[in-house]
Amino acid sequence: MVPLSYYLILAAILFVIGVAGFLFKRNIVTIFMSVELMLNAVNLTFVSLSYSLRQLDGQIFVFFVMVVAAAEATIGLAIIITVFRNRESLNVDRIDLMKL
Amino acid sequence: MVLHDFFFYILAAIILGGGILTITRRNAVHSAIFLVMTLIGVAGLFLHLQAEFLAAVQVFLYVGGITVLFLFVIMLVNLDEAAKQRQFNRQWGLALGCVLLLVAEVGYFLYQGRDSFSFAESSGVLLQNNTQAIAMSLYGDYLLPFEIASLLLLVAIIGAVVMAKKQI
Amino acid sequence: MQTSDLIRILPEIILAVAGIVVMLLGAFQKQNAGRMHPAIALLGLLGAAGAIAYQYPWRSLDPAFGGMLELDAFSAFFHILFFLVAALVVLSSSEYVAQERLASGEYHALLLFATMGMGLMASSNDLIMIFIGLEISSLASYILVGFRRGVATSSESSLKYFLLGSFATAFLLYGIALMFGATGATNLTEIHLALQAEQNTVTAMASPQLTPLVGPVPTALVGLSIALLFVGFAFKVSAVPFQIWTPDVYQGAPTPVTAFLSTGSKAAAFAVFLRVFMVALEGSAQDWVWLLWVSGLLSMVLGNLAALLQTNIKRMLAYSSIAHAGYILVAFTAHSEEGVAAVMFYLAAYALMNIGAFAVVSHFGNRGERYVEMEHYAGLGYRAPLLAASMTVFLLSLIGIPLTGGFFGKFYIFRAALHADLVWLTVLGVLNSAIAAYYYLRVIVFMYMHPAAEQIPVERVRPAMGFVLIFSMAATFLLGIFPQAVLDFASQAAALLLENLGNGVL
Amino acid sequence: MWLIPILPLLGAALNGLWGKRLPLRGIAAIAVGAVACSFLLALIACLSLGDATRMEVYFPWIAGADFQVDFNLYLDPLSAVMSLIVTGVGLLIHIYSIGYMSGEKGVHRFFAYMNLFLFFMLTLVLAGNYLLLLVGWEGVGLCSYLLIGYYFRREDAADAGKKAFIVTRLGDLGFLIGLILLYTTFGSLDYLVIFPEAAQFPVDSDGSGTLTLIGLLLLAGAVGKSAQIPLYVWLPDAMLGPTPVSALIHAATMVTAGVYIIARSSPIYVQAPEALMVVAVIGCITALYAATIGILQTDIKRILAYSTISQLGYMVMACGVGAFGAAVFHLMTHAFFKALLFLGAGSVIHAMGGEQDIRKMGGLRKKIPVTFWTFLFASLALIGAFPFAGFFSKDEILWRTFTSSTGGGRLLWVLALLTAGLTAVYIGRLVFLTFFGESRADPEVASHIHESPKVMTIPLIVLAVLSLIGGWIGWPRFLGGSNHFERWLEPALAAPAAAHAAGEESLEFLLMGLSLAVAALGVYIAYYLFLKRREAADRLAQASGGIYRLLLNKYYVDEIYRFLFVKPLVMGSTEVLWKTLDVGAIDGAVNLAARTTRSLGNALRKIQSGNIRSYAGWVVLGALLLIGFMVTAAS
């Protein structure tokens, strides 16, 4: 049997991949995908902990995380479209009208 | 048991491979495809952990819903320009350092806490009939968040309409 | 579920219904809809406030929905604060909405939903509800920030807020997941008990057929989880080092929305922050107190120093709001009953004066927010004496001059900090509030001591806006002269919040 | 009693809101009327006070279980004297302002601020607890800021206002922390609770206890408000405000708030001798230091400003040696003559059409006689000439310093005596250069010199009379008086136990003579250098015979003088004190602080690059730090 810590470490690595994607990517859409990776890592953590603790609460939480992820995706993509309309670019490095 | 472990490693490889490819591909469409790969891998692990309901939702909602949404947007906006550019920004070294440090720290904590976790021999009573149990729970203890979640979706709908519609 | 459960969330129900009505109104009635929206929103807020008041006294209410919600005096305090903030924002934005041709129905609906989410945050006693409430208010705020769709800065700040917000949410969620792993619970009270007993709830409740699976709470996981939760909440209250989004978002957002974010959202985030850390994680206070200490100090210093250099008023107020988050964290660091009360009082005082200040900025900004630079305020004291006078009052209160609410806010904060033996933090805090005086005064100097450089139109103040200004001014003075009632309320709420802990009562 | 502070507030509100539509006469009537009424009320209250003290509680302000503060006013001899000074001098200055400010724009604003200032000042003075005092304390600072910056079209005036506000706020920080400490120590901020309790405390002889700390923190506030070293820098700059403001706020009332707070807290200070020692030393050094700077200034108002700092130093020093009564006495006489000096200076400036440089004045004695005579009275009072008011108070301070049991009392006395001499020099120089000799003004200006209108001269005359007789109520015992004043004050002030050895009367007489002699010497030096020498120089131009010898003689004396007096003075005053300390060290420190802030802020702005990814990077970095901290905490 694979120990729980393997699952947790797998999730942690996935989370860090998500963070890395957020930091490295230039395209807003892929940046947002990185956030989805992070959320998936969280979900994986929840489910494996839920399994190990024999508690359903974790799975319920994952359900809500998914709902929120869907809602976030909707809104996020709408915002991205608006930005694109205003700026004609999805390069995140160009989105810096306000600074200092 | 060996088979069980074998599944885990296969799925882990899929998840990590998909994740890494998601963030390294230049083309956003490719990224989305690899994201799907990761998501399906995660769904597989859910199954593995006796969370059948979540596995199904993961496929429907994430793969079927969110990723398709991503693809829509990618098609909708012109990404040709973005594809040609360098994908990594200049401070990648610094960022990489941050990321590695994060790995180290999280890993350290998990290592510290490792003794507390071990899978006992599986199939506890609670996890039988997963979908039914979750349904009972959702409409029992978690009724309030479940209902409120509908408002969350409503907010998302209004928001998306406000932001994306051409004219209000 | 019982009727009493429904009554507990009656305020939220009323708000949700009002929100839906506001939104649907446009579908049935094309004319005059714009005028009806604020009225219905206000009615909804009033009704919700009434629903809170109806349940007085809040002391004896049981938890609702199986411990999911806790409508105690603490959450009642914040509910009332949110409703007040939302009502003032609705009133002060009526001009703005018309001027910028915003979609009035959706605007008000989202405001109401955001308020509802904040109300849920204040009263939820479970990480799931906290998460959902937080997300409702956040999602609504993301949209509200980008509500001026045609304006590049607005959509840009919306994008920044959204991306960084969901980034921080992921951290928060990871923290919640690990906390769940460590304690086996998401309910705050259960987490508290688990941490206190150093045993996770699964073990504690293990039924005979289940052999106890997991032993003591792994402290290392708790530590990591606390750090991650801290990231999530500190981001929402814009405390250093997670303040970085604040100036850009506050600057780009429509001014009334900025007012809403800097007061309502911040207060809601603090409410959750307090409840999670003071209720669930009280036991490991010796660890996180230092996080608060450092974060509070840095917030004050960074916020004030950066604000010194700003020329855009909205941006300056954004930096100042970081600094104010720092002051609040000082009281939080005391992690005592007095400290919690001080945080609550300060949030109330800050909300009133800041909304007032933003109302002036919003009114004076004119169409398209053209006049938001410091130099535009030159000579305002002579062209619009009342507007300038009210701005002066708000700024003086932000400085913390006696006879204004800001003074007592700071006074209570530093008192709480001193009682908790945080001498250095207090001294540094007081020093910071001295620095802060400088940039607020600069605005006053511009208003009264500079000749007007160019003719900038100052529109007549409409009744709704006038009411907001007068109300905030009166409330600011009231809190500065008779702070007792509000402070008593806050102290009772804080005592109630913490007293259950001592007894270990669920 | 509550009407005393409220009336000026009403006046301020009326003028502030509707003053724009009123004619000058109406504005003045409101402002002056309000102050006059409150003066009368204060007078009645004080007369009916007798030997008692009165605490009037109006309503609870903050009523917590463990913390209660009321809105209460406290009238005892100390606050009575203060409120009489504030309203009385305030009234005269208000009347004077009618003349001085006529023709300016926005007079209603000016009077509204002035009335508002009086409201806060009276709140400060009459407050029955430290919190209400703080309200007044902050309020007067704010009004002073508004009034200094009154001429907002002058960039430097606005800057000076800001400087004043910021610098005094530095001291206020200490004050605020002191208050919180007071509260945590005594559990209350009420005078009537704190003072009896403080008396129960053991005397803090080694300076390590809470009371010493409280004393030092309150002193920090006083140093800021009363412009003592090192926070005095704002006061000279504050002279850019209208002259009546300088007279009211920066000479007579607000700057004395620091002295007041020390005197008010005397029960705390007497239990903390170490804190008192610090008070005395700061006061003494300030007195001497400001006097040396005053000698070489050329702006008439700046001279007076340094003089004010110096005299405040005197008062603080008096407090420091435990002679609180003497300090308050000097505070009162100083309020009379310094207000008069400022108003006189204002009259001179008015006459000269705005000229403030004394090198361009001269010979004004004949042209503005009323101003001259009143100014002379005030100067004599400042020097401490018998029987002017300043004589009694200054002599009392010197005497108490001399006999003080505090270590180094003699040294303080020597320095104070030296200060007295320097005071005579600089004020003598001011008088001689301004009123005597030939006119050095531009002919065009000179032709317009005229006496000020009655509304301005009458307050001058009243103040001149007060400068003469104001000290007589403190007529010392050895001159046949009974020093009513200090005896009256006694119940309000604590005295250090057995602080003063009973001095012999003959010794006191001797010291008095000495101080008079020093003053006379100072005046003579001033006369010699700034009046006579100039005349000699003029004669040189006229007559050519025998000049050489005269010149040589002059030169010779000059050289000696230069060697003995001027050179050290010039060196000391200009090079070391003025340039190095004032401009170099203090302004430098301020500039350094500003620069550091600026560069720090710039660094912050670099962080705020506007780039989302770098923002996310900061978030991650923050998370790393947090987690890292928790790692170290866990292991």
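A, B, C and D label the chains in the order they appear, each numbered from 1.
Everything that follows uses one rule, which is that a residue touches a chain if its C-beta (ideal position, glycine included) is under 8 Å from a C-beta of that chain, and two chains touch if they have at least 3 such contacts.
As the structure is a prediction and not an experimental result, all values here were calculated from the model.
Participant: Identify the chain pair with more contacting C-beta pairs: A-B or A-C.
Facilitator: More C-beta contacts join the chains of A-B.
Participant: In whole angstrom, how far does the Cα centroid of chain A sit from the Cα centroid of chain B?
Facilitator: Computed value for the inter-centroid distance: 7 Å.
Participant: Can you work out the whole-Å distance between the CA centroids of chain A and chain C?
Facilitator: Distance between chain centres, rounded to whole Å: 25 Å.
Participant: List the centre-to-centre spacing of chain C and chain D in whole Å, with centres computed as mean CA coordinates.
Facilitator: Chain C and chain D have C-alpha centres separated by 44 Å.
Participant: As a quick test, compute the distance in whole Å between the mean CA positions of chain A and chain D.
Facilitator: About 64 Å separates the centre of chain A from that of chain D.
Participant: List, in ascending order, every residue of chain B touching at least 2 other chains.
Facilitator: In chain B, residues 89, 95, 98-99, 102, 105-106, 109-110, 112, 117, 120, 124-125, 142, 145, 149, 152, 155-156, 159, 161-163 touch at least two other chains, as defined above.
Participant: Note the residues in chain A that touch 2 or more other chains, in rising order.
Facilitator: Counting only residues that touch two or more other chains, chain A contributes 8, 15, 18-19, 22-26, 31-32, 50, 52, 54-55, 57, 60, 64, 68, 71-72, 75, 79-80, 82, 93, 95, 97-99.
Participant: Among the residues of chain D, which ones contact at least 2 other chains?
Facilitator: Touching at least two other chains: 605, 608, 610, 612-613, 616-617, 620-621, 623, 627, 630-631, 634.
Participant: Among line, ring, star, complete and other, which one matches the pattern of chain touches?
Facilitator: Complete.
Participant: Residue numbers of chain B touching chain D in their complex, please.
Facilitator: Within the complex, chain B touches chain D at residues 89, 91, 94-95, 98-99, 101-102, 105-106, 108-109, 112.
Participant: Tell me, which parts of chain B touch chain C in their complex?
Facilitator: Those in contact with chain C are residues 105-106, 109-110, 112-113, 115-117, 120, 124-125, 141-145, 148-149, 151-152, 154-156, 158-159, 161-163, 168.
Participant: Give every residue of chain A touching chain B within the complex, in rising order.
Facilitator: 1-10, 12-21, 23-27, 29-30, 32-34, 36-37, 40, 43-44, 47-48, 50-52, 54-57, 59-60, 62-64, 66-75, 77-82, 84, 89-91, 93
Participant: Using the touch definition up top, name the residues of chain D that touch chain A in the complex.
Facilitator: Those in contact with chain A are residues 605, 608-613, 616-617, 620.
Participant: Quick check: in the complex, which residue numbers of chain A touch chain C?
Facilitator: 8, 15, 18, 22, 28, 31-32, 35, 38-39, 41-42, 45-46, 49-50, 52-55, 57-58, 60-61, 64-65, 68, 71-72, 75-76, 79-80, 82-83, 85-87, 95, 97-99
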